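Note that the chains take the letters A, B, C and D in the order they are written out, and that residue 1 is the start of every chain.
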Amino acid sequence: MGLTIGVDIGGTKIAAGVVDEEGAILNTFTVPTPATAEAIVDAIASAVDGAREGHQIEAVGIGAAGYVDDKRATVLFAPNIDWRHEPLKDKVEQRVGLPVVVENDANAAAWGEYRFGAGKGHDDVICITLGTGLGGGIIIGNKLRRGRFGVAAEFGHIRVVPDGLLCGCGSQGCWEQYASGRALVRYARQRAAATPENAVLLLSLGDGTTEGIQGKHVSEAARQGDPVAVDSFRELARWAGAGLADLASLFDPSAFIVGGGVSDEGELVLDPIRKSFRRWLIGGAWRPHAQVLAAQLGGKAGLVGAADLARQG
Amino acid sequence: MGLTIGVDIGGTKIAAGVVDEEGAILNTFTVPTPATAEAIVDAIASAVDGAREGHQIEAVGIGAAGYVDDKRATVLFAPNIDWRHEPLKDKVEQRVGLPVVVENDANAAAWGEYRFGAGKGHDDVICITLGTGLGGGIIIGNKLRRGRFGVAAEFGHIRVVPDGLLCGCGSQGCWEQYASGRALVRYARQRAAATPENAVLLLSLGDGTTEGIQGKHVSEAARQGDPVAVDSFRELARWAGAGLADLASLFDPSAFIVGGGVSDEGELVLDPIRKSFRRWLIGGAWRPHAQVLAAQLGGKAGLVGAADLARQG
Amino acid sequence: MGLTIGVDIGGTKIAAGVVDEEGAILNTFTVPTPATAEAIVDAIASAVDGAREGHQIEAVGIGAAGYVDDKRATVLFAPNIDWRHEPLKDKVEQRVGLPVVVENDANAAAWGEYRFGAGKGHDDVICITLGTGLGGGIIIGNKLRRGRFGVAAEFGHIRVVPDGLLCGCGSQGCWEQYASGRALVRYARQRAAATPENAVLLLSLGDGTTEGIQGKHVSEAARQGDPVAVDSFRELARWAGAGLADLASLFDPSAFIVGGGVSDEGELVLDPIRKSFRRWLIGGAWRPHAQVLAAQLGGKAGLVGAADLARQG
Amino acid sequence: MGLTIGVDIGGTKIAAGVVDEEGAILNTFTVPTPATAEAIVDAIASAVDGAREGHQIEAVGIGAAGYVDDKRATVLFAPNIDWRHEPLKDKVEQRVGLPVVVENDANAAAWGEYRFGAGKGHDDVICITLGTGLGGGIIIGNKLRRGRFGVAAEFGHIRVVPDGLLCGCGSQGCWEQYASGRALVRYARQRAAATPENAVLLLSLGDGTTEGIQGKHVSEAARQGDPVAVDSFRELARWAGAGLADLASLFDPSAFIVGGGVSDEGELVLDPIRKSFRRWLIGGAWRPHAQVLAAQLGGKAGLVGAADLARQG
């Protein structure tokens, strides 16, 4: 099979990209994300049409946040779009006249990294995506494992603190409340409020208030050694690494791949995560250790992964 | 392939059983468990020899507690026997002259239930074994998933309480400290000590002291409505069900199978586990729910599963 | 000394009451609570003027939410009113021409109960107020203990869950997130969402949605045996009683008094709190146990207590 | 009143000291601690007799681990000696012919520091003793506050982690499991086991094994910058400071005094405790902060405090 299109549905824009068998993106086309569920279907079709011009396309893969069913056809529930049992595959197929595969966006990104990024050469890989929230994907035996009903790998919602922080999912203590971009900002704001004298640089990067601290400020300040920023990354890593240790007990992969915006900081975050992972890994003296690798495809992993999943059919 | 032998290494005895393709046990032979690592190899061989008499055996499967490597040949670490990188497959093959497969005992039990017990007809099953500790096994796509290095499915050691109870593994807050037979007894003793007037029946079943309370007393007292015993089962179920909800977020199986000694109590423990599972399941309104089933093979699951894994080669 | 006035600043109204030496309220006058900090001072003066008519008043005591300084003169910080280092005593004295004492409202309520309610006859009493949040007051050696700087007895903000729920105070895991009216409603909504079939009655009392569940519905449903409502009270009691056990380790009082709106339910909530307290009390077999008593003055405790504190000067 | 004797009952020896009104120790006499409860009474009398020679003594104060009743006469329960409702005051008075006051040892130490050590000049002081376990004492309004039944200030047993570590008291998650000398050693051993390459120095100070790590090794290694040792002190401080923040919410003292063997390390442990205290102090921007001071009397605080309490009668 030749070229396929991957679609990434973001909060502000929808990107469609033509992807070849090597994972290279040959062409992209982007449209703004509309406000209503129905208009998003139109926008997806527009993006696909814009991208496919001049290319022979064989299938389309769509990465969407939320629960996607076992047939990879229906979005059962989406957190940010009003999709409830939305037959997305059928609707888009009718518009674009091509076979469509729908996949959870974190699953698609995991597949992209496995096929063309940090996971190449591994058969058993667990990916986590530290973005605003925390998502992930499971590759076992060179296959994406979606669960019986399509909703596996919801790593962000395992409970790491009983009676812990409220989560948008309605539960409490979910991992993504402790290991994600949002958590990083919370750590920084709490620490800056308690000890502003240790956050002089961090506060100066924003508007001077604790509420004005954004993720980019924490990263920048941490690179420059701001104590509160460094400690915030360490706290994030404490939770991320402990969670990876749990996933090692469960899945025992040969590698973990850490992606998402937070991982863009590279070793600033990867190094403490590795240390925390080793700290909490059970039986570490008696077993081979999984590698903890930085993702390589950045924000394109989902698009490339979705395209490749469509190619596989 | 015809008949194989499964071996179950227990704390007090080693049982070998001849198992046919339907999972039926045709013959068993049992020897006491010796104290030293080396003598256990001899004992395994004796048990196999005792069981095989009069049967044409094609292979042997051994279920052993601990980490078994990816080749199913070497016990990397055993908790109760002094095995460290023990080449058990080679040693037993030399004694019995048959192909040998070594498997983690909880994995073997999971496979037994999947093939011949509560898991029949399911493709994706997660088994947990609530015994003294908590073990488990993963079946995805009709295959036992052992991880890249053979040590997957160590469910008992995911961290459910940060800074929680010390575990024999050296870590803290491991699930098996909260959901296991040992945890059940701890719950009962703590409650009986605090409010003995609510544990009159429970205390009367043992020697009258809180330290004298055993697991069988808790079960018996709970069946008769003793408040402390009932509450202890509820506490166990609270943790067991919450953990299953986490496993649902991760694996999304079609069924959970709950085995081990604690599950012998049937609905006394299964019913509250199901309730707790539903209480903590993420996104329960938008997804199909996995069933929570009682194991069917009891203490034979490991032997039967090991035999069947040996048959599969 | 004869009559004094107590003032209670509520979210919707400000009540002033003339109180005699026996704690009896002879006259009350109520005004709406204005929106601005400055207008509230005017409103307090109006309420005092309205109440004092025809009575010879010797002093005024004001109960205010927030931190009150060691001189009982300045509100350092108020959570719901924009008071920051507000010299409330001076301002009100200028308006009403009487000596004024300012006190934290939960301290005032504790004093009221100690003097005229459930605490009569005790020298060492700890009061907790389970209202929307959780407040309290400390009486040791027949004196209200306000701390060196006036801000003691902030029971609601001791940390009972590390990395727990966010609190309005900016911290996490504060006791009032787990034991308060707001917590009760959260417990009920979470449980009703997970298992609506166990909350049929509870849901029918509101608008049928989980978000529509209010505190009064939970109380009413619990009295009628609704499983989710009963379980929600039990969860509240689990946390309330465990916290009282901590306070017993710290203060070792002869009695705890439980007040606030939640305690209006009487034994429905007191009984499980007592059980939980006993469950968690350290060394219970070797020490006398504090009583856990229901408050007797209801919503008037703060007003009566403030008036009496003003009398004591 | 002139001279009194303070008695400190330790695990290996019993020390009696003649103390003057300024807290100076004029003479001491030490005997080994016998094994049986009854023999300890004899040993106390011997120590008192040995110390008093040549001095005019007016009273004796005894500091004892455990619950001491409200009359300061009876040891209700002792953790290390088989005393249950032991009338220690009467027994010792009969032997030595002097008035005797019995006090909890941590209370006595707190009083010593308040009167003659770090607490001089403060009216409201909370002392914590970080020894093998965690004890403490409460001074409010220049009086030692013992609670209604004598068993207040059991700081070590407030619950800081629900479902946390088992404690010798039978409960779980007690503060002393996280902030004490024993906790420090556990932190070091766990970290050294997980990442021995970061504990090279620490391991070299003992016998090379993680089990061989003792408290003195952790202190010595931390002073030299060993990463695991430094991190272990930081973890201890994390819990100690967070607990002090809770005590500030409850008691609002003007100073905390940190004593016990762990505090002998001075700023090595005090500095991170102060930082953690500030991190977790509620409303820190709106209230005066209590000082966190190092104890000054070292291991003599209990003896001196007990003597002074006897003087006060």
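Just so it is clear, contacts are C-beta pairs under 8 Å (C-beta built on N, C-alpha and C of every residue); 3 or more make two chains touch, one makes a residue touch a chain.
A quick map from chain label to UniProt name: A, B, C, D = Glucokinase.
Computed from a predicted model, the values in this text were never measured in an experiment.
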Pair from B-D, A-B or A-C with over half of its contact pairs in common with C-D: A-B
Relative orientation of copies chain A and chain B, as a Cα rotation angle in degrees, nearest 5: 180
Furthest chain, CA centroid comparison against chain D: A
Cα-centroid distance, chain A relative to chain B, in whole angstrom: 34
Length of the line joining the C-alpha centres of chain A and chain C, rounded to whole Å: 45
Cα-centroid distance, chain A relative to chain D, in whole angstrom: 50
Per-residue overlap in chain A, given as positions that touch at least 2 other chains: 161-163, 170, 193, 280
Chain B-facing residues of chain D, complex: 161-166, 170, 172, 178, 190, 193
Complex contacts: residues of chain C adjacent to chain B: 162-163, 191, 193-195, 275, 278-281, 284-285
Contact set on chain D toward chain C in their complex: 67, 76-77, 84, 122-124, 138, 140-141, 143, 145-155, 157-162, 169-171, 174, 242, 245-247, 249-254, 280, 282-283, 286-288, 290
